[in-house]
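Everything below concerns the one structure shown next.
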């Protein structure tokens, strides 16, 4: 396995102090795991990609009840300080849900020799899931890290994961725990 | 509303006689509603698009447990006779889950003046959902017709829909019944 | 080299009897070479793809002086009888100039193990050139076959080729004669 | 006309002191016109987009004779100081030739209400031309500014333009002088 880590939408606008959005609380609960994931992945030399909402003011996406946020070029669309990206990480602004939508991520991953995307972040049933699925669309295996993803409540998180645990394309898509992922990619583990 | 109807993956390979796949049984249970949807939509002049799995032999997608099916150019990748497409319908072969993935559907819809995609078919948590979400990505409103979609069992169908009923972008995405959709688009209904 | 042959826009609407378009005359002058290319390529097992204009009525592209033609679903958008596609060839309808634009050709070529596209057909400075360039964009080497392509006059054909003979990315892009291509891919030729 | 200005590949690596590349000399000869274009366009409220080569080390594109340059994240991939982008301009890194290739520029332009792209920069027969053509592909009219574009010599510049002056889709694509473009968009000019 040649994995790349994709951390989705852990941006300042969602985690600003005083935010009472349910996703903010749930998102905070995975920060510790995300830090472990990033630390161990960098040690193993896995590429790290932060895929961040990067919306235009006046975009179609704000025609519904969702309020304007994560605007392109503003601080709110940056990765939160808690996860401080390293200079070698890739910051990938995205227009919509999936990290692949109208970006060149597929080619970037191929240049890097990646065969598996490992997706973490929020929210699991939208941007995380769409990134996972688009990874499969672009011929990458995908791992959805269950304890490194969140939704606006634990019930929705659980419901979403349950839909994809026994996926028709398994094991091209796997729902895994952080611990299992780290074990499988440990230097001592058998090579696939 | 200027809707187009997208019927996903109602193809012969999935519905062939003797198939014991759970999705076959569940898929059959929505045929009557799909026929109503198509009949009424054509009467109202809504474009109808059949988006069909159209896979290559040896494709990445068959590297997991999913068996080869709906192969490009074979009869198995055609729309089932029960839904007999009309000459004015669009048959859209698709390589992956979403009807928009590496197709020109977005431009086709814009040429037709469509502003809303109405998605039906199987399976709700994969190809239907990805089509719905990609519709939003391409600046179309989306309606997921709950009683014109199916999954491999009713529990998964219900679980999937529950994730998107109260969607952050509502009403850009709505989960609706066939009846409500037909009411809303009835000639006598107020025009949006 | 693992080449695939892409024949661009040799469709019935352009070659119908009585057409007095300059491109019709020039296009006819390469038919003999195209037949040789196809025959030899099939013998060598190279995939053959016919990329055909497939426009929608009312499309943006007809807002200028270009008349409506090669309409999706009509006979006029089919490959001319002179080049009679074989059942194993790929017929690829395209919305615009390049065979890659909003199609899944890049993935198709990768599944087939192709590393080089060999482009023929008309017109050299538009659809042929855009296909060549998009091939490079998708990480395929490209060969533009000078005597299997045409423009509306020989001067434009020559002028176009002269722009790319000494290309900055050479030899990722090469302008070649049919003879040289066939020699290079002859069974007795040294393997690259 | 609701134009947006796209300035292609005027980046530091190509214009660094001491560069003896022919394109450097030719590129410098259009700087004065580019400054006029930008100044007048900003006064008229036209969006300005700098589309810059942004390559990955080890990319396919460097497998030919082209040397590594304009690497993503380096200063060499930034717009030259002579053209000093304004904070409201859009800086669009691009992986390949066209500003539209695997970017979200098409949607950005639609959100801004743009109907015409006005393309300037280098080199005319590659990145400028591919951007122009991709604009047409995405349903935008396109203007290629003859005296705001350059190639590695004047002969190639002239030869390239001559291919597209009498384009089949005219006037969806027009080759124009800066003066004519400014006249046509002058406040006193008749509105199209």
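Note that the chains are named A, B, C and D in the order they appear, and that numbering of residues resets to 1 at the start of each chain.
The rule is simple: a contact is a pair of C-beta atoms (placed from the backbone, for glycine too) under 8 Å apart; a residue touches a chain by one contact, two chains touch by 3 or more.
Note that this is a predicted model, so its numbers are computed, not measured.
Asker: Find out how few touching-chain steps suffice to connect chain A with chain D.
Answerer: 1
Asker: Find the chain most remote from chain B, comparing centres computed as mean CA coordinates.
Answerer: Farthest from chain B by mean C-alpha position: D.
Asker: Could you please state the distance in Å, as a whole number, between where the Cα atoms of chain C are centred and where those of chain D are centred?
Answerer: 27
Asker: Just curious, how far off is chain D from chain B if you go by their C-alpha centres, in Å?
Answerer: 40
Asker: Hunt down the residues of chain D that sit against at least two other chains at once, touch-wise.
Answerer: Within chain D, the residues that touch at least two other chains are 60, 95, 101, 107, 139.
Asker: Which part of chain C faces chain D closely enough to touch in the complex?
Answerer: Touch residues, chain C against chain D: 60-61, 63-66, 95-98, 101, 125-126, 130, 133-134, 136-137, 139, 156, 159-160, 162-164, 167-173.
Asker: Where on chain C does chain A make contact in their complex?
Answerer: 107, 110, 139
Asker: Flag every residue of chain C that touches chain B in the complex, lowest number first.
Answerer: 56, 58-60, 95, 101-104, 106-108, 111
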